[in-house]
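Following this message is one structure expressed as structure tokens.
For clarity, chains are labelled A, B, C and D in written order, and residue numbers in each chain start from 1.
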Amino acid sequence: MNTSLNRIRSLIPPPLIALMLAVFLFVFGGVLAPGFTNPDQAVNIARLAAFLGIIAAGQTLVIISGGEGIDLSSGALVTLGAILTYRLTGGDDAMILPALLLVLSVGALIGALNGIGIAFLGMPPLVITLGMAGVVTGVIYFYTQGQLIGRTPPAMGRWLSQALIGPIPGVIIVWVLLGLGMWVLLERTAFGKQLFAIGINRTAARLSGVRVNLIVVLTYMLSGALAALGGFVLLGFTQTVFLNLGQPYLFPSIAAVVVGGTVLAGGKGSYWGTMAGALVLQVINSLLLALRVEEAFQLIILGTILLVLLTMYGRQRSVRQ
Amino acid sequence: SAQDEQSFVIGISNSFVSSEWRTQMIQNFQDTAQELSENPDLGVEIELVIESKDTDAAGQEQQIQNLVNRGVDAIIVNPGDAEALRLALEDAVAAGIVVVSIDQEIDGEGIVNVVIDQTEWARISIRWLAETLGGEGDIVLIEGFVGHPANTARMNGVEEVLAEYPGINVVGRETGSWDQATGQQVMSDFLASLPNIDGVWTQDGMATGVLTAIQTANPAEWPLATGEARASYVQNWNAILEERPDFKSIGVVNPPGVATSGLMVAVELLLGREIDPEQLGGPYGNTLYVPIPYVVLGEEWTYTNMDGEETVLPSNLEEIYTEVAELPESYTLDGELTLEEVEAFLLPAS
Amino acid sequence: MNNRAVQLLNRNPYLLSLLLLIIMVVINRALQDNLFEIGPLNGNLRVFTPAILVAVGQTFVVIAGGVDLSVGAILSMTNAILATQIPQDATGDVFVRALALAIGAGLLAGALNGFGVTVLRLQPIVTTYATSFIFAGVALRILPEPGGRLPRELTSFWRNPLAVSPDFALPMSLIVIGLLILFWVVLTNIRYRQNLFATGSNAEAAYSTGIRVNWVKFSTYLFSAFFATLAALALTLGTGTGNPRAGDQMTLPSVVAVVLGGTRLAGGQGNAVGSIIGALILGLIGNIISFANLDSWVRPLVDALIIIAALAIPGIFGVMRRLTR
Amino acid sequence: MKAISVQVEKAVKTYGGVVALAEGNLTVQSGEVMALLGANGSGKSTLSKILTGVIAPNGGQVLIDGKATSFGSPQEARKAGISAVYQELSLIPDLTVAENIWLSHEPIRGGFIKWQEMRANTQQLLDLFKGLYGTNLQPDALISTLTPDERQLVEILKALSFDPRLIILDEATASLDSRQVNRLFELVQTWKSHGMAIVFVSHRMEEIFRIADKATVLRNGRTVGERVIAESNERELVDLMIEGATILQRERLPVVDEQKPVRLAVENLRTNVLRGVSLQLRDGELLGLGGLQGQGQSDLLMALFGAIRCEGQIVLSGQARTFHHPRAAMKADVALVPGDRGSEGLLLIRSILENLMLASWSRYRTPIAFSKARADGGQIAQELKMVMSSLDAPVNSLSGGNAQKVVIGKWLLRSPKLLLLNDPTKGIDVGAKAEFYNLLDRLRDAGTAILFYSSDDDELLGLCNRVLVLHDGEISAELREDKLTRENLVAASMGASA
């Protein structure tokens, strides 16, 4: 079993496995739950996956950067991004762009603080980003005093969430563009190549002239900005904000990255894997719903599926060879 | 005069902040404390100590202990887990502290609960849905946290009423975790995978998410959806009516003002008044039920409760819309008892 | 700072934590006069005990180079078992049976984690994330909604201080903390300790030295699950009831407590006593904020800032050392 | 000691598609030193690890005292009396010397570890190398604070602490200085006389002829022969190891012409280890750095490359420079081939191309002109005669020698003016070394200034124009022309000034 699994793994890259699984589950879902497999549902799943996928983009970079990289502040930043957009635009379409710029900057700033803590104070990413999540949440409470004042610009719902080109909502187009951008960043820029390098071996990277600390800080900045962008986009979907809007997306975004074959240890992975991972998770989610499985069993099934997926390609080297 | 004013320190313990309902609840506490302090008839000076954060049962027990250790005169708690706080609150009662629980009922010695009847609250909207559908159709239910007492009470109400409508089929039931975005996702999924949904029953903030999902999917025939009594929902409702004059919904108020009522009860108890045992009810016999203030409706409707009593609920959407048009979207429609109404719960002053 | 102090801190990072704890106690005492009176002391320590126990269990996993994100769910699950298996009229043997059942279920959960990490060779963080769904689901199956009520004798036994003499009482939780420290001291003097640290520091080297690395890793998940079960016991006795989501907010703080206690997240270095200290620090921060009379809308921010500052202290020391050298 | 005879027959080990060991045969008895020879990647370590139970073979068998045995784990091998000094060391950085040596067989009473006894036993073992290590090496010192040679000693003592009947020394001398090697060889003689069997792996032929009784030679994972050392010679063994390899007999090189421009001038350089080093290096000169391990050679190279902090003056091409980061040094056309290619030079799971390009990506614009990068990478691979399946294969699919070529190729792509080499041939086989020497010649002829640290005296003698010997962070001697002899090198290494 072991070697045949290995063979499958070496033949088909994890992102493709994930994508195939998503398609399979979607098609097979129609057998289990009649009516599940239809174009509306496909668009719906892709739309929901897009939000998750966009939020998981920064997480992908951070995980690739290695050093036990993980960004637990992204959930809180999603919330902050949405709340800032909501308040700053106040429902005015003309304010969308300025708000977007500000949201990205704030996200990048918070991300930079994470990066500085990691690169210069040597704090474990898990811990500092968790702490930062607390700080961002604290900032949100302090900033809003619990009162969510503002409004969503009507254009955001139209452009992002509702059907824009044919039945396709804008967010899916945004997602695909982001996917292209991420591919260029990871595979066709020096930054991307250096990111993979620091994910594997920071000493070797440094001795090859890579400014490790700089790349780490930039990566977390990007992660912060992308999470905040996720909040911006999500506002187009929810139309209103609330204080823990983003938190439910945090762990699924990490799961999407891992299910997409990006190695948690760093140095190996892709964003299109994450995109496939987001689709898988969303199909599973929707399917469980369509099957009317009781919540307790939904959790058990979800956990089991994750374990099985990971076993297919998330295995580490054995100590004994 | 100031000399014979009695001053009380009252502790508030709240274990969930990430909700505007709670924000408004806290605001109500603060406003009421000030009003009562300024009320010359009462002659009290109230200082609030507010412990409010997102936390679990252990964290809320710590809040309560800290309040006790400060030596407060009364504690008003909105419990995250009513049963888990029972012992801690009984200890507080034993230490001579007045304990009032709002929003949720606690089964504990010496604790007074001040709540609305959650079961009845849910019965109103589900009956409206069933009647408006003409007793026929496929509906989905989107509930809050499975296992949360309030959710359980509400779903009991839903089931009781639905038992009277055999023509209504529940084709989907799922939790939206009392989370607007989750509610929206769940509804999107329902709309995509269930071809003909005639109606959707949901609660609280999830209703906004459900409505957004319907707007986004924009099926040929919109399902009939229960709504909520919140400014954002009323504003949205009003906006939709301009394009779809036949759009119908309902918003049953779950008032954050229960805080005001709870605080008044606590103050009266501190002043030595006693509760009229006749007024106490509920599963544990220690609950004062605050009436549901009103229901938002686009057209008049006659509500029949389980005992067959009929109440005519007026069409009030326009009036309410003008009230809330300029309020923040998150504002929850409210209602609270007056001091006189609270007095009615008490034995006459000796 | 003189060299020996630096070296001492380097080799015993939990000393820094101890210092931090002392500072927290002093601040808390300044704000709260009755902190050391038996009532508040007993209450505080009792409330902190579940978090302490979870953190101690987490320490084992972290030292061996892993992390257990399922401890909260295991706590929920065993809390559900205890609450459903101990009725209000339970006798001693019912209690013992329920406890055995809970521990059995906890160890089974730990074994599943250990299986995922050692046999399936999955990354600990994702394995335990995935299994946490399973355990949370089981918890919800066992106890669909919060409830259950324990006999009052049981809850009183745990909630009230143990009267040692007419004028001296000892919080039960203090006894538990004492036992935990004793347990750690014993453990650090047996071979298991060496195997544990070696595995976390360099698993391959440990393996070629003849250490059964997989068993050691496996055992750490049993430890963390076992301590999560004990935490569930403490919680169940403290609240007298069960909640299928009781552990939701216990997992990440346990990792923070472990790090605050000077244990290295990358493995190979650590101390369970430090984790106790870390959990106490987190608890006291909550108290301090409570007694500082801050506006409730700034509290979460202040809370988070204090925690992040505490976490950053070792790093800041490191930078200072580098700059002054 | 109970006598032992060990036989490995037709052992096979594959990793996925990679055959690490195709047919490993080995026989060794009590009282015998068996050398295990072979080029890089020929399977020596793999065979050793099969013997110690660390690796599960895919085929073949191990006979201990004539009985077929299969070790399920290292502790089973140890019970049979086999222990090993591993090439990549098996030490735990966060444990102390004593804890490491006694790991998994700590002295205990009633389950509790007897710390005092453990320390005392450790001291006893350390005394075997008395006087040959620094004051740092104490029973209570953390492994992470030790120098490479001290770690190597601890690894040896650890293997010894199991009281083995067969001990495998896998390149145990690679990081040791000559005095430590001498001492080890004395010990080996004693062990031998007590009836221990020894398997000795080394790339230094001179050592093989000093200590081994027999030699088993591996080529491409296959045992190709066994020879009695006394009846064989270097030529024969090398021919067995590598077909058609030539052993370089090199002429002593002259000192470089004073007319050549000075590329590098260092004045009073100090780091934690260096205590004031001054030197000059001209274009086209290959300046050797000699001395015992850890005397500051690495520090000197790392400091010049901006990888560690230093004080003092560095003048490069006539300009005073301070590099705060390797990147700055790179921009000034300095390159460093680090000492430990696995941990300092390579991104093991990434492709050969990415490894080659790591220092040069910025030259290919954004988005990266990939076809150009690929062409350049292919060219350098060809120049270095890299044996590989494709540029996209991961670096960890390469043998040691070829992996080292990737590290060097990475810098050749940037055509450095000053090349710093930190013991680049450590653990590289004879064939790869010869190619590397030719490369150095070519670079030097092209005018590159090279600063070359080697732990192999023969290399320093055969390759360099001049050699500076470091001792205790200072230059103890400069050897050139007829002063550049083995005797002077050894003497200067001990601190004697020539």
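Heads up, the rule we're going with is that a residue touches a chain if its C-beta (ideal position, glycine included) is under 8 Å from a C-beta of that chain, and two chains touch if they have at least 3 such contacts.
Note that the structure is predicted; figures quoted are calculated from it, not measured.
Looking at the partners of chain B and chain C together, the chains they share are A. The geometric centre of chain C is 45 Å away from that of chain D, both derived from CA atoms. Averaged C-alpha coordinates put the centre of chain A at 35 Å from the centre of chain B.
Centre to centre, using the average C-alpha position, chain A and chain C are separated by 30 Å.
Separating the centre of chain B from that of chain D, both taken as means of CA atoms, is a distance of 73 Å.
Each of the following residues of chain C touches two or more other chains: 140, 144, 204, 207, 299-300, 303. Residues of chain A in contact with at least two other chains: 141, 145-146, 295, 320.
Taken residue by residue, chain D touches two or more other chains at 54, 73, whereas all remaining positions touch fewer. Here the chains touching each other pair up as A-B, A-C, A-D, B-C, C-D. Chain contact summary for the complex, chain D toward chain A: residues 15-16, 54-56, 73, 305, 307, 325-327, 330, 336, 338, 343-350, 354, 357-359, 361-362, 364, 366-368, 370, 410.
Touching chain D in their complex are the following residues of chain A: 6, 10, 184, 188-190, 193-194, 196-197, 200-201, 203-211, 267-268, 320-321. Interface residues of chain D facing chain C in the complex, by the touch rule stated above, are 49, 52, 54, 73-75, 78, 84, 86, 89-95, 99, 103-106, 108, 111-113, 115, 142, 158.
By the touch criterion stated above, chain B contacts chain C in their complex at residues 17, 26, 49-59, 61-63, 65-66, 68-70, 81-88, 91, 145-149, 152. Chain contact summary for the complex, chain A toward chain C: residues 68, 70, 72, 117, 120-124, 126-128, 130-132, 134-135, 137-139, 141-142, 145-146, 251, 254-255, 258, 264-265, 295-304, 306-307, 310-311, 314-320.
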